[in-house]
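Working notes, structure below.
Which chain is which? They are A, B, C, D and E, in the order written, and residues in each are numbered from 1.
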Amino acid sequence: MVTTRTRAWRGNELIAEGFPLEAVSDHLATPGVVVWVDLCAPDKEQLALLADELDLHELAVEDALSEHQRPKVDYYDTHAFMSLHAVEVDLDRGELVNTEIDTFVNEHWLITVRKDSRFPVEPLMRRWDRSPHLVGEGVGFLLYGLLDLVVDGYFVAASKFDDFYDLVSEGLFGDTPLDPDQQRHWFEMRRALVRLHRFVVPMREAVSGLMRREHAVVSTPLYPYFQDVYDHILRVSETTDALRDLVSTIVETNLALRDYRQNQVMKKVTSWAAIVAVPTLITGFYGMNVPYPGSGEHWGWVTAASLTLAISVLLYVLFRRREWL
Amino acid sequence: MVTTRTRAWRGNELIAEGFPLEAVSDHLATPGVVVWVDLCAPDKEQLALLADELDLHELAVEDALSEHQRPKVDYYDTHAFMSLHAVEVDLDRGELVNTEIDTFVNEHWLITVRKDSRFPVEPLMRRWDRSPHLVGEGVGFLLYGLLDLVVDGYFVAASKFDDFYDLVSEGLFGDTPLDPDQQRHWFEMRRALVRLHRFVVPMREAVSGLMRREHAVVSTPLYPYFQDVYDHILRVSETTDALRDLVSTIVETNLALRDYRQNQVMKKVTSWAAIVAVPTLITGFYGMNVPYPGSGEHWGWVTAASLTLAISVLLYVLFRRREWL
Amino acid sequence: MVTTRTRAWRGNELIAEGFPLEAVSDHLATPGVVVWVDLCAPDKEQLALLADELDLHELAVEDALSEHQRPKVDYYDTHAFMSLHAVEVDLDRGELVNTEIDTFVNEHWLITVRKDSRFPVEPLMRRWDRSPHLVGEGVGFLLYGLLDLVVDGYFVAASKFDDFYDLVSEGLFGDTPLDPDQQRHWFEMRRALVRLHRFVVPMREAVSGLMRREHAVVSTPLYPYFQDVYDHILRVSETTDALRDLVSTIVETNLALRDYRQNQVMKKVTSWAAIVAVPTLITGFYGMNVPYPGSGEHWGWVTAASLTLAISVLLYVLFRRREWL
Amino acid sequence: MVTTRTRAWRGNELIAEGFPLEAVSDHLATPGVVVWVDLCAPDKEQLALLADELDLHELAVEDALSEHQRPKVDYYDTHAFMSLHAVEVDLDRGELVNTEIDTFVNEHWLITVRKDSRFPVEPLMRRWDRSPHLVGEGVGFLLYGLLDLVVDGYFVAASKFDDFYDLVSEGLFGDTPLDPDQQRHWFEMRRALVRLHRFVVPMREAVSGLMRREHAVVSTPLYPYFQDVYDHILRVSETTDALRDLVSTIVETNLALRDYRQNQVMKKVTSWAAIVAVPTLITGFYGMNVPYPGSGEHWGWVTAASLTLAISVLLYVLFRRREWL
Amino acid sequence: MVTTRTRAWRGNELIAEGFPLEAVSDHLATPGVVVWVDLCAPDKEQLALLADELDLHELAVEDALSEHQRPKVDYYDTHAFMSLHAVEVDLDRGELVNTEIDTFVNEHWLITVRKDSRFPVEPLMRRWDRSPHLVGEGVGFLLYGLLDLVVDGYFVAASKFDDFYDLVSEGLFGDTPLDPDQQRHWFEMRRALVRLHRFVVPMREAVSGLMRREHAVVSTPLYPYFQDVYDHILRVSETTDALRDLVSTIVETNLALRDYRQNQVMKKVTSWAAIVAVPTLITGFYGMNVPYPGSGEHWGWVTAASLTLAISVLLYVLFRRREWL
């Protein structure tokens, strides 16, 4: 079942709420009334009904039914269509979960079509109720409220990435290299970060387009508010840029550290190899079947043992001093 | 043999179909008639005939005969020339197969010249029949139908790449490194992806040029449709961008994983070398031809064997604990 | 407790200083008077009071209360809001410490809101007092003084990075590779450098915006001064660009040097291995239980010892000549 | 000796050819006459003479005498100066051979100054003769003919690079790594490719400048022809871009393959080392001078030999199964 | 002591030279007179005197006293200030030596302030004397002469880098890797190249700005000359771009070659290790204290020696054939 939410305002006053879809045109008949309709996961028929009533463009309706990968605004004769994406970061699974919210905007109404219920509509209504003096600015304010919420979500996502990479930077200088599981997590997080970035950039363009073109929607008193949203997107986009930069630095540093660690291991291994190889040579010498000095004699054994021990200790001390061990 | 397809419309009505090339001018004599002619792999003479009849520019005809590597639109006095490329991905061979479709456009006719039959013309005709109410918008709609089909093909190609790289990302964290055959496949896929990208970018420019300049072709009611096509190309181009980004990430991750694997192998090899080398030293010791304690004695043999075994086990346990084995 | 500083000028003359916030509107009532108010870490109430008195926009006030990550200028109906960041480099900890200074500007007053006392206000007042003949140019000069101070701080920071990387370049060619502590310091410094860069770029835009738009603020005689500030930011931004370039070069050079060093070590290790392995082979030969020439004979021992020694010396000389040792 | 070529046209008709330099002004005296003069490797005096006669700017003459590294167009009061570069690829030596062709253009004459005879002038004359109906368009067509020829040479060069890199891509997956000679060839080819790219890009700008500015030179009927040349340059520039991209991919793939090969070699070496080391340990064991079980006994020898053999075979089979051998 | 040079022209005629600073205003009183003043390393007082006399802006004077890192032009009410940098490459020390030359320009005078005597003023005077017919164009020509000289120095520097990197490219394919000293030289040269690049780019902007804005300075007949200078800077900037590209290619090629060399060394080392290890195994076998076939027998010794020799030779031949040795 599709849940439908409706609201109607005249000036700053909320005059109706929760009325059926059929009543939309009645409300719109009254001059100065602004109507909001929210559909969650509507089917084709229901959307077609609304499209008919409000004369929505067939391409916009098609867009609202299919899934998109990028925010955009399309301008039609009698209305605009805006496709938004609310995001959430699932840190454990290294995933960026997104919900599409499509909107039809006109100076008299705002239709929001959510693809599923992951983006709850209650905070949006609370956002609107918080600034009743701006509701009178019309649909522009309603749209601002929605954008503000979505962009706040981007902010939260960006900070989560920020925290994640702070942790990663900390862990980078630990003793052990990354195992494949961690590598995979990093990999997923990088993909998620790129995806966030790819939501933010067209969103920035869409909002700046709204501010330039749709003066019917963005009235002068609302302008600073859209500017504020725009500024927030800009900050998110700079954060993601900075993080992608940081990721490169991390990759390079990791490489350098790995080289350091491998070098340390190689030195250790080589040192121990030498400590074993030289005594082996000596015992080999004393194993020859020729009458070398001390062969078959007690003092030969003492010499051999002393040599073996002495050289081993000597090598150990030598390598220790050079910090190879 | 060249197959020729023809159609003529007046307003929204299809008034003739399958008439010979010679009848084209007759149809064009009637005001308000729009004619479509399709030639598949035409020879020089046939194209020359048509060029004469419709006064096509010699450079455009030359272009339609030779092969191109990039989509483009050229504007001549009496018509425009557009070169398109339909693509298909052959995942197994890692190849991007493309067919060139050249079009001559004017407000009265649309000529499509296909280099070969790999791009079938039937879906195009079906596409046109699906929106009869738009046929009355003239050649612009016919062109839109063609662009829409070609760009849909780009979409399909991009999704195939998307799926391929999802699989690659999955396989990345497996235990075995890539063998040369897989490397080659990756290499070919990367080249194919770059080629797709290089079709998409000039296509984007071509369509945006059409929307800006040729208002004779793109009428106001058609504008949203071309905008829709443009939006699709944009999405394809963002997908290919994202994929190229992903490829870099995969390359880097692969490098890091390879290092991890090499490191694991090196540790193992070094551990086993130590487990073999130390007993070798001991047996060397007991092989010396000097009267060391226990030489020639049974208890000597017991000590030697115990030492060898004990040290081997000790080393094994030690390396195990440090996760070198 | 919040410290508040105030000043009022008429023309080039300082007419009042240290008056309470309540007196601000009295001063503003006199034509030609310019007022400066500084608040350090104000609470919500105090700012609200001032906002009321001077009719500051609610979004600007909100911005002044929250923390920002990037410099920006917002233009409201009756005033502009500018967010600045003074920076300092902590070389030891590899950190870029920044303090936010928010300003409200109008042709009659300048309000500075410092987030904390890390940016002292005394140098700013001294800067103003140094050029009394320009104070008559109004708020524009006050703003210039502030920008000049902040940008000077950027300069100092950039030079510190410059010195740091000169040192790093020197140390690069030393004998020992970097240990993890140094790597960490480098890593932190790189992050700090990126952060500085990310303050400088939007700052450049903000100042160039001021010069373009706010002619009410930047009067003709002040123009060269703002141009000078702009030029300074440009230089800082080019320095940070050059440094980021240098960092890449350092990373690459470090890699090449590391390879050189590893190669040197590998040659040494291999040489010593050979010097030990060949005598081991010979002693093994003489350890066989077969009547080889010289077995059990004195001259056998002499031959064996001579061979061992000769070959070792030979190998040593050989490797020495090829510069492997 | 300098070879001079001359031609004069009136309308579409060639009215004189091979006349001496002195006759140039006579021909130019007739209205509607267009003159072409070609000098191959002229000396200072000869050029000075011509400069005097046609009032060429001293800077343009200086440019025609010295050598340039980039195509360019300079606009003077009475004429334009264009510097072109014809190129050829020497695949064996990995070199891009270029010849400079400088031109002075005015609506009445075209002077071509070739630095040497490597760019033959006959194809140019044939090119002009092929389209006699366009000669009447004046100097613009002559210039077009020259540009067309030069850009065709770029095309040929780009295709040679294309073929070269196709071969390289094929060879990439062979068994043996590149030896220094091949590396050097690659290196030279990369430099040559970059050089081609650096001719193409300013050439593109120069032609697009001609199309924008010199409407005296590019008449409306000639516009499509210049557009065609422009399009060709664009394709060459996209080819070189794509090739540079491909080169990076090749470098990365080569690195990955090298790692694969090194890994294979390392596994083999390690396996053989183990197959040799373990028997060595056993023979060491049996070489101890202690009465171990079987020492001095026939069955001892059988056991030792069997163990040695068995373990070697076992290890061999083991490594074989894990595909290390 | 500060050396001051002065000159005055009326039209094309040099009317005075070497007059004292005090006489500058006298000369300027005569209409149509153009004055040049050169100060080398002036102190604050001397510059203040001149500033007073010619009404130079305080910020420009401040700039002329401090040191800059980038070329720039600032436009003041009555004059422009231009900061130039003459450069020289010290190939041995891998350093780019630069001298700052600051100029104040107005339609009546040109002041040049050199920071030190490293940029000699005589060539500049000779440059002016070479084109007396252009001196009448006023200060613009004087400025052109200076720019021409400075940019010629850039040219020389760029060619030196060009030659250096040609040598480097040659040496790249030699047998021995780079030692740290050479690495350091490369590193310094890279830094110097970046510094050159960073002088060239803003210089380009400055000259193009002069050509756009200061038509009072650049008269129509001078325009081609400034265009020529601009073109030269463009070529220098393209050369430095190409060189930076080349440096990356060199770094990559060097990496590939290093891998090749390491691989060669590894193969050699492994081969020799095998040639030593297998005989060691055999001698170990014959050293066992068990009655193996031939133990204590002459034919045993013969077999052992033959086996050892045969296998060593076999392995040697084998590795030789596979080109491991």
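Of note:
The rule is simple: a residue touches a chain if its C-beta (ideal position, glycine included) is under 8 Å from a C-beta of that chain, and two chains touch if they have at least 3 such contacts.
These numbers come from a predicted model, not from an experiment.
Shared contacts of chain D and chain E, meaning chains that touch the two of them, come down to nothing at all. Minimum number of contact steps separating chain C from chain D: 2. For the touching copies chain A and chain B, the fraction of interface residue numbers used by both falls below half; the interface is of the different-residue type. Measuring from the averaged C-alpha position of chain A to that of chain D gives a distance of 42 Å.
Shared interface positions of chain A, defined as residues touching 2 or more other chains, are 273, 277, 280, 284, 287-289, 295.
Taken as a graph of touching chains, this assembly forms a single closed ring in which every chain touches exactly two others.
By the touch criterion the chains form one closed ring, and its order from chain D via chain E is D, E, C, A, B. Only residues 57, 59, 63, 68-70, 72, 74, 76, 177-180, 183-184, 186-187, 190-191, 194-195, 198, 202, 251, 254-255, 258, 262, 265, 269, 272-273, 276-277, 279-280, 283-284, 286-289, 294-298, 300-301, 304-305, 308 of chain A touch chain B when the two sit together in their complex. Chain contact summary for the complex, chain A toward chain C: residues 169, 172-173, 224-225, 227-228, 231, 234-235, 238-239, 242, 245-246, 249, 252-253, 256-257, 259-260, 263, 266-267, 270, 273-274, 277-278, 280-281, 284-285, 287-293, 295.
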